[in-house]
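Structure in structure tokens, see below.
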Amino acid sequence: MFHHVKELQFNARVSHPDPRFAALLLEQFGGGNGELKAAMQYFVQAFGARQAYPEKYDMLMDIATEELSHLEIVGATITMLLDGINGELKNAAESNPIMKMMDGKTPKEELIHQALMNPQFLVLSGGNPQLTDSQGTPWSGAYVNANGDLTVDLRSDIAAESRAKIVYEYLQKFTDDPYVKETLGFLMTREISHFQVFQAALDSIQPNFPPGVLQGDPRFTHAYFNMSNGTDARGPWNQGQGPWTTGEQWEYIEDPLKQVVETRGELDKPVVGAGKSPEAAHKLDKEMSRKRSTEVKSAMPKGDNQWSTYPQESLQSPKSAERS
Amino acid sequence: MFHHVKELQFNARVSHPDPRFAALLLEQFGGGNGELKAAMQYFVQAFGARQAYPEKYDMLMDIATEELSHLEIVGATITMLLDGINGELKNAAESNPIMKMMDGKTPKEELIHQALMNPQFLVLSGGNPQLTDSQGTPWSGAYVNANGDLTVDLRSDIAAESRAKIVYEYLQKFTDDPYVKETLGFLMTREISHFQVFQAALDSIQPNFPPGVLQGDPRFTHAYFNMSNGTDARGPWNQGQGPWTTGEQWEYIEDPLKQVVETRGELDKPVVGAGKSPEAAHKLDKEMSRKRSTEVKSAMPKGDNQWSTYPQESLQSPKSAERS
Amino acid sequence: MFHHVKELQFNARVSHPDPRFAALLLEQFGGGNGELKAAMQYFVQAFGARQAYPEKYDMLMDIATEELSHLEIVGATITMLLDGINGELKNAAESNPIMKMMDGKTPKEELIHQALMNPQFLVLSGGNPQLTDSQGTPWSGAYVNANGDLTVDLRSDIAAESRAKIVYEYLQKFTDDPYVKETLGFLMTREISHFQVFQAALDSIQPNFPPGVLQGDPRFTHAYFNMSNGTDARGPWNQGQGPWTTGEQWEYIEDPLKQVVETRGELDKPVVGAGKSPEAAHKLDKEMSRKRSTEVKSAMPKGDNQWSTYPQESLQSPKSAERS
Amino acid sequence: MFHHVKELQFNARVSHPDPRFAALLLEQFGGGNGELKAAMQYFVQAFGARQAYPEKYDMLMDIATEELSHLEIVGATITMLLDGINGELKNAAESNPIMKMMDGKTPKEELIHQALMNPQFLVLSGGNPQLTDSQGTPWSGAYVNANGDLTVDLRSDIAAESRAKIVYEYLQKFTDDPYVKETLGFLMTREISHFQVFQAALDSIQPNFPPGVLQGDPRFTHAYFNMSNGTDARGPWNQGQGPWTTGEQWEYIEDPLKQVVETRGELDKPVVGAGKSPEAAHKLDKEMSRKRSTEVKSAMPKGDNQWSTYPQESLQSPKSAERS
Amino acid sequence: MFHHVKELQFNARVSHPDPRFAALLLEQFGGGNGELKAAMQYFVQAFGARQAYPEKYDMLMDIATEELSHLEIVGATITMLLDGINGELKNAAESNPIMKMMDGKTPKEELIHQALMNPQFLVLSGGNPQLTDSQGTPWSGAYVNANGDLTVDLRSDIAAESRAKIVYEYLQKFTDDPYVKETLGFLMTREISHFQVFQAALDSIQPNFPPGVLQGDPRFTHAYFNMSNGTDARGPWNQGQGPWTTGEQWEYIEDPLKQVVETRGELDKPVVGAGKSPEAAHKLDKEMSRKRSTEVKSAMPKGDNQWSTYPQESLQSPKSAERS
Amino acid sequence: MFHHVKELQFNARVSHPDPRFAALLLEQFGGGNGELKAAMQYFVQAFGARQAYPEKYDMLMDIATEELSHLEIVGATITMLLDGINGELKNAAESNPIMKMMDGKTPKEELIHQALMNPQFLVLSGGNPQLTDSQGTPWSGAYVNANGDLTVDLRSDIAAESRAKIVYEYLQKFTDDPYVKETLGFLMTREISHFQVFQAALDSIQPNFPPGVLQGDPRFTHAYFNMSNGTDARGPWNQGQGPWTTGEQWEYIEDPLKQVVETRGELDKPVVGAGKSPEAAHKLDKEMSRKRSTEVKSAMPKGDNQWSTYPQESLQSPKSAERS
């Protein structure tokens, strides 16, 4: 259950209306890397973690809730940046002041002039924020990544926080309002904190590479296919040990077409660079399968199922329901 | 700011997994009339009301917050209905039990078989809910209606609650699980309550018809154009007084093509049925413009602007910011 | 079947091209509250009403057809507002006049300059309207609400008309062209008329509350959950009788967390405020189910089925088909 | 203006409900090649043609109107194929017959069972058609192609009719109902007719190749780049005269990488195969620019502008408005 | 398999940054008629042709690959047109130069000012192209038309090339940069070439009309329904022989409503204008069905299936797989 | 420029058609974590890296090209899994075999029966793959994350590879075909390789935390807000040093509402846990700004700009164009 606290988490203020910046800021309200995306991503992931990993559930819900609180901060700021538009629109019988204004020089005229760069504020939302990005594209449920595996989900979350951070960084270039910069600074910083929370949570799961349960086929894990002609860049991403464990190294396939024909489309390719055989990989697959499926299945109640207890006294849940 | 309470607002339970019903229930998780749509619609509307109509702001935020809490109930129920899928997927090295199962007869086989009707649970979400409707279409910010005028927004809300209610009504036909029916009954009922809240709030604003500020042109308000041939239905929607005030009545235009030509495309059409002249309507426009724009403008602080005070001791807000 | 009449329903005129207003006006051509949405919503709803409620079918088709006629008026106006763009584009070999123009002062230069605010007119549509909103987002079938129940659909329609009305009201602030204002005034007024048509049609169905067939659970219908901290607004939406029938009243739940724990997630909550027991509600459910399903089922022909007769001499339909 | 005729253009009938085929048929109601797409494409294109090419405007509006009439036929057929679902849903208090039915053997049970393959009919539309394709994806304004040039638009239309035709051809494989097959046969045939209408209209515009105004650069028009390795297919599309005028022929570039380097990224490429020089092409550009821009500009009234006259006595329009 | 060649197919250059034109040019990067759409359309169609029509497969893949190479040219040009934005954004600690700049006069200031017309470059992509159109709408898989029949697909391709051509034609009006115009001229010309390739390929398939396998019903193929009132345009699209074979001609239905009633919704309509009887059409259907299904089925290997051989020595494929 | 090699990178084979698995596999063809998303994400990112980080450009284009090659493998596999559908559809005159088949027992019947679970193969694509996910939702450009900063983009890529990997892992549970499993194994393994490539590339950029240029505000970086009631989970993500450098640690805010009020919405919050002061952070901001903007700006040619040289002899580029 959620509870709304009237105080904003951060004391959002603006010095004066600025519809143009309001439009840019929509990117973090209804955009693909914005606060609603973050809130919904962690919220949806939390359901899947609830049963077998209640500690991660608690963490995901904490951050989802904080992101909802940030969504409120962003919406409040946009609303204050649009102040004046709604009052002007309500003066509906005054026949054409806005059009005249657009060639004018006074602050009110400038206000409307700027707003015309994002027409939805004027003709659709009436001075409200909207769940679109800065270009007017509606928010989409497809922005949310939740795939039922924490070693995947937490990496999606680290990436999401990275993108949210850079968008706040970019946004700061487009306002001079010290109050707004202050709010952006807070929000940008919180993305960094959440990045670290997710990194720590990921580190607490072992092993977490490769993501998921299955190992890769050692014939193909260490190969780098040079898919382009001419001078090629070499570096730790395609030569030497790179990020592999000691004794392992990259295999650089200089001429993939030749290699593909010679290996009958990789069917005949040997293991190069990897430290284990296909058989060893398969053995690991079985161990990991047993480990992960046991973790999940053992946390599942038999028979019926109840999400919360009243009061919820421990993290563990859901429980088998008490039949009434 | 939001706060998460670990107890669900309603004690959601399920008797046994049922992936097929989970798929149907997605309609209320990530569908166009579902809980996220409701939560976001009232939340977004609330920003616009905050300044001039703080009482309505408080109400909209209460209900937005309750809808978020319902979203959680729906997500919890879907997750419990999908129990078993994640554990099966984690058993990744076990090479093909699921395919074999699909022709089988045991409950586990049936479980997976049903899930194949909604493949995203199996190959994308890994047994999590997803922000899509029952057909897999992602949730869209375009579902949210917020137009900066409470006489419009509250009508959008009454309609939204009506649609949410009927979807819960339909859903009840597709489950036999008494626990799930119990939860659906609670959620359906709350839509009725919210309908009544919004109706009362709309009634408390006077006048609220027509929505917005401007009157209609009396030449066209009372006309019903019969746009089809043959036998036509007549009723209070196109004859007699209908929903108009005493002394007014519908004007039925039997042959619109003839009428359009005769009136030079309505330019020469007289007032029929309406109780006031264009001049009287225009006078009302001016009065309403003054009233509504004054309400809004007078609530706006001069200069800078601060959304909350700490603590927030009254409903009024935002305030002029204290410069630091 | 539809028939096209070359005369517009309203004599749409423009004084001079104005691409910027053309872009704003797209909101009512291809936007979420525009004329295509309205036309398609009533058209789709009409199919469902055809059988059991032919009088409502006739009304819905009349208004759908009028909205299509309005879509044509809006498209014609946009086209006239864009006059000049296509001719300029056809002068394709003239290498760079438009770029030069953009810094210029003559009306033609200004025309193109304005058009750059909505680039699709220049590089995609070649001076045609497009089925997008004012921000370039394509029209979506998801805008259409049709749920197979007139007590729901008509409320969706009242809300849709309210939104369309306010968008026309807002649009009028952004043009000085008396011809265009005249057209907007007509279109805005017709939304008010349709609002009243739908209101009257809804009133003619009894009972129409709650929407759909089922009653709410009396334990939850009258409860208002105060989901936020601090000073709370009270009014007819959460205290006293409000919109309920005599003898009934709101139940205000001051502290939902406490209440949720005490009622074991509402399972133990008593009826407060409502005028009927759960049993009485259930009895009403059965009566309404019988009534509504009988209305629908009795209107359905046995065996095969034919939509129209030739000529269609009465409202009733569809009929059992005459086998050839 | 549009007028609705109660008789369907084709006598749509069904022998018995078939929700599964109703779901497939949605492809032509709200899908990318369906009737709404066709209606809207020709309707939107018509606006652009109205002024300079009123004969084509008349044709486009005739066919747009017929496609709307086909949309109605498709919607009526879907509705009849879903008969029974709405009546069953209205029987809402009957607690669980549908779930029981799903394992049953009677026709009614089978009906619902089939409907579960397209859940939106059951839980969202209540037995109505919906503006989605057969997979539940909402119709999009992006389906509509209208680019302000008839030599382009008519080719878009020929392609659109081809796609609509093949979808009707495919659909016929999935129904045994002789009535439904009859209707599909009519609709498929009309797509062929429209194909021919558009072909004739395109042929009546000369020259119509290349589409638009400008010629191609003769250095690049006749070149075929062989972008793949190994055995390559040769045919009239990359050797000999192919579709070019006499004396012209394809230039086959066997090894594009070599050619690109040798021509400094095409900058030094000579004319091969084409019958005219860049200068001659440029001269043609100027002639066509003059011709097409004159056609368009000369049809444009000076000053204000009125779409229709009352009555509309000739094809020509719009006219300069009579100031009132 | 694809291989990347570092040299662009055309030597793309720009004289100076121009973010406004970069935004317009996005239409061909991520828009509905742009290079990705073309590349993906031919690529997807190629799969379906691979088996029965390997020569067409080779051609479709050649052009798909060239369109990918054009996508790269467009992306490179947009990137160069945005040069300077990323460097400015990286100077993140410099607190407000960009806002100040917006009122300034130097080229750098102008650069940013222009960029504000397309905010995604500044706050989302950081100076990168994005897969959206010029209005910010994301590219959609729905742009791709591939229907499993070359007589349909090639017509979709001719139309797609026509649209791509006109968009490049329009774009040329909005830049003065001779380098950019040079690149646009190359790309526009290649669309003309591809148009001709597809036309030749279509001509090489006989018969190719009507598209697909089935003939139309001769009662309806030649009918033109005059769906509008008033003066109507007549021409080769609705009178005389038009595009039909000798001895055939259009049937003009002056008053469709009357005709529909008289023919009982077309059931009783005779053949007029067409040169063959329904029986003859049906015979042709059977012949074409046999021909086309034989072509496809005979190209299909029995049992298992392998897409490529290593090396791929002939066009034919896929083959039956050699079991390992 | 791209070049197509007729041999697939992996020898894709299938044992027999399986339309149901073809539908699931669409998730990796046109889904949000599929091969087109990967190819386009790295391709779009590459443009931004081209200038200042040509080594990363080379790597991104290599992997983009490999992902395109994987898209081809997936499309080829889907096509082979759908073998038989197109041939059946071409037999169009055979009136109703498919419907009859659906109750049958032979393999061909079963084939079509399965295909009905994904109707687009039958009525839209004619047996081709389509650019949708497994639920029929079209691929969207919004799936692509490219934000103009490699410390962000590479993290988006690591997450994308993680998601692609888990989807291949899940898919393997739903096929028994050893050939298909072999192909899925190869594709899954390559995602792991790419994960490592991106990890190594990210590690080669120092510093890479926080992503982007700016430090966080030390008052807020180390704070964890406990946004929920009841028992809370503690771990390295909210207590102790966690992922921070030595001497730093998390600050746990037990009661955020109280803290928010006491700090006036964080304005008065002191630094806790972080190892540096706001001033030190600001100094770092300036250093990083200088470093990163210099890297980018110094790589930019003055004046005009040319993407490739012919031949491209080094990685560096783009260059100043040689004026012709």
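Every chain is named by a letter (A, B, C, D, E and F) in the order it is written, and numbering of its residues begins at 1.
To be clear about the criterion, contacts are C-beta pairs under 8 Å (C-beta built on N, C-alpha and C of every residue); 3 or more make two chains touch, one makes a residue touch a chain.
If you're wondering where the values come from, they're calculated on a predicted model, not measured in any experiment.
S.K.: Moving only from a chain to one it touches, give the least number of moves from chain C to chain D.
M.R.: Minimal hop count between chain C and chain D: 1.
S.K.: If you take the chains that touch chain D and keep only those that also touch chain F, what is left?
M.R.: Joint contacts, listed by label: B, E.
S.K.: Please decide if copies chain B and chain C contact each other with the same set of residue positions, more than half shared, or with different positions, and reply same or different.
M.R.: same
S.K.: Where the centres are mean C-alpha positions, what is the separation of chain B from chain D, in Å?
M.R.: Roughly 33 Å separates the two chain centres.
S.K.: State, to the nearest whole Å, the distance from the C-alpha centre of chain C to the C-alpha centre of chain F.
M.R.: 38
S.K.: Report the inter-centroid distance (CA atoms only) between chain D and chain E in whole Å.
M.R.: So the centre of chain D lies 12 Å away from the centre of chain E.
S.K.: Where the CA atoms of chain A average out and where those of chain B average out, how many Å apart are those spots?
M.R.: Taking the average C-alpha coordinate of chain A and of chain B, the gap between them is 26 Å.
S.K.: Show the residues in chain C shared as contacts by 2 or more other chains, in ascending order.
M.R.: Only 1-9, 11-12, 32-33, 61-62, 65, 69, 88-89, 92, 117, 124, 126, 132, 135-138, 140, 142, 147-149, 166-167, 169, 172, 212-214, 227-231, 256-257, 260-261, 264-265, 267, 308, 310-312 qualify.
S.K.: Quick check of your reading of the touch definition: is the inter-chain graph here a line, ring, star, complete or other?
M.R.: other
S.K.: What are all the touching pairs of chains?
M.R.: A-B, A-C, A-E, A-F, B-C, B-D, B-F, C-D, C-E, D-E, D-F, E-F
S.K.: Inside the complex, what are the residues of chain B that reach chain C?
M.R.: Against chain C, the touching part of chain B is residues 5, 7-12, 32-33, 54-56, 58-59, 61-63, 65-66, 69, 137, 140, 142-143, 145, 147-149, 151-152, 155-156, 158-160, 162-163, 165-167, 169, 172, 185-186, 188-190, 192-193, 195-201, 203-204, 209-214, 216-217, 219-228, 230-233, 235-238, 242-244, 256-257, 260-261, 264-267, 311-315.
S.K.: Name, in rising order, each residue of chain B that touches chain F in their complex.
M.R.: 1-7, 88-89, 92, 95-100, 116-120, 122-124, 126, 132, 135-138, 308, 310-311, 324
S.K.: Could you pull out which chain F residues touch chain B in their complex?
M.R.: Touch list, chain F to chain B: 20, 23-24, 27, 31-33, 117, 133-137, 166-167, 169-176, 181, 227-231, 256-257, 260-261, 263-265, 267.
S.K.: If we count contacts the way the header does, which residues on chain B are in touch with chain A in the complex?
M.R.: So the residues of chain B in touch with chain A come to 1-9, 11-16, 30, 36, 40, 43-45, 47-48, 50-51, 61-62, 64-65, 68-69, 72, 75-80, 83-84, 86-94, 124-132, 138-142, 144, 146-149, 179, 212-214, 282, 285-286, 288-290, 292-293, 295-297, 300, 303-312, 318, 321.
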